[in-house]
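Think of it as A, B, C and D in the order they're written, each chain with its own count starting at 1.
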């Protein structure tokens, strides 16, 4: 692929050994008529990675947060660099790094690799909101503590 | 929404008066259980905007490019800042700016507004590829000329 | 395509001259690696047709129904026969027929054609629900009257 | 939900003990502003179930079929009855039954349950096609044999 671009290449953090990882299978329906993963679908897959990471690495139920707790986990920013195309039948190993824990938001970096080759790197900035008012609210304590714990553990 | 973030806010270009615009209706299926447009779906909608812009503003048939001409229009990078949530029933006015015309790639900025309020700003970097080899190829001449013409016309 | 199948072929009603119609453009992202519209995406497109039909033919705001009125328009059944593949760049003319108006549900038939050739025929059974309890509720009066009016008008 | 409908209820086969099963987690992005799984997304999830069933139960690589072998697995018909809404965080147990093996097509029934409660039942008719001509071709021998073997094994 073209190397003229790659907005985040320089600034993305290295992937720590102890970052949580999950395997994402690439399906027929993730791909487009060009035969490769449709870029918008990657963002959808990334949200699935974040959901599983909440439950498995942070010990926080993503769906309970949105549902009973009425706390939104909205994106204020999402960016990805696609280094190599993904194909049907691939299994992408996705790892999550916490880049920043703010007052009302968190920044994540997700790396996706096929074997050892980087397929994409994404930066996702999530804001916690009230689902009644759609305005930002401070990160709930359990989420903040879990994020801090995860971040320390990765170092 | 949280203002701690907004990666591209400072660097995004102003929207020229004469940029091509289209209206995108926000549907039920674009929205998530939080009641707002699902972020991944925005990228899908943006691809639709780019398709229509190819045909209407550049005079180049997007589907003919992918189909008979076997030239891929893949994304090497996609980034968006979401300033305000989008809701079912909204009509977002989307405008396309050409930021950069490279040898094998082009960088676009898309602004989406509801009335005069910015909803999102995206930067999309598209590379032209051979759909046989999935490697980058120089922008075809008709696309390069159309992009240059559009860019001049906007100024 | 294979003619061994076609569950609804015999039972689907003819398309009345005066049925409401809308054009649906087929996009790159609607298609799969086989180069034709992905079948699941058709159902999504059909929901968009139903949304527009509510507003334009019935005079009822679909989004207001789901949002402020908290009345769900859920599917209890959805079925489609795909007669011909759809391709990028197609414009499908979709027409809506009301098949049945029940106490708590309505059955629609949607026909999609490219030029005069049938691409798909779908039967959608929608139930009105309370979005608080997710149980069925009688069709609201304005919807029932609009459906009856539409059905008469088509004959 | 409304019981006025349910097209396939009477004709759908019972689920054999020995049918292949898989668990499908319901994600945030599968759900709509009504807070339940969006009906079109179910069809997408069902395609994923079919993909995994090909590999795990039939021993045939779905992606190799579409890709190198250039054999399409298109839908001529897809129908589902939705008995209960699905929610974020659900895990649906999906089982696949072969209903009919034709010359150029196969009919499957998929049952999805949450605990022991039926959530949906779908009938999918898949036709094998040449991806060069988009016309039907006889089921390849390995697929036919695997289907017959699976069907016998279930009884």
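Assume contacts are C-beta pairs under 8 Å (C-beta built on N, C-alpha and C of every residue); 3 or more make two chains touch, one makes a residue touch a chain.
Not measured: the values here are computed from a predicted model.
A count of contacting C-beta pairs for B-D and for A-D identifies A-D as the more extensively joined pair.
Residue numbering shows that subunit C and subunit D use the same positions for more than half of their mutual interface.
Averaging Cα coordinates per chain places subunit A and subunit D 29 Å apart. In this assembly, the C-alpha centroid of subunit C lies 22 Å from the C-alpha centroid of subunit D.
Here the spacing of subunit B and subunit D, counted between their Cα centres, is 35 Å.
Of all residues in subunit C, those touching 2 or more other chains are 28-29, 33, 35, 38, 40, 44, 47, 66-67, 88, listed in ascending order.
By the touch criterion stated above, subunit B contacts subunit C in their complex at residues 27-29, 35, 44, 47-48, 51, 61-64, 66-67, 87-89. Listing the residues of subunit C that touch subunit A in their complex gives 28-29, 31-33, 35, 38, 40, 88. Listing the residues of subunit C that touch subunit D in their complex gives 1-2, 4-8, 33-36, 38-41, 43-44, 46-47, 66-67, 72-82, 85, 102-105, 107, 123, 125, 127, 129, 131, 134-136.
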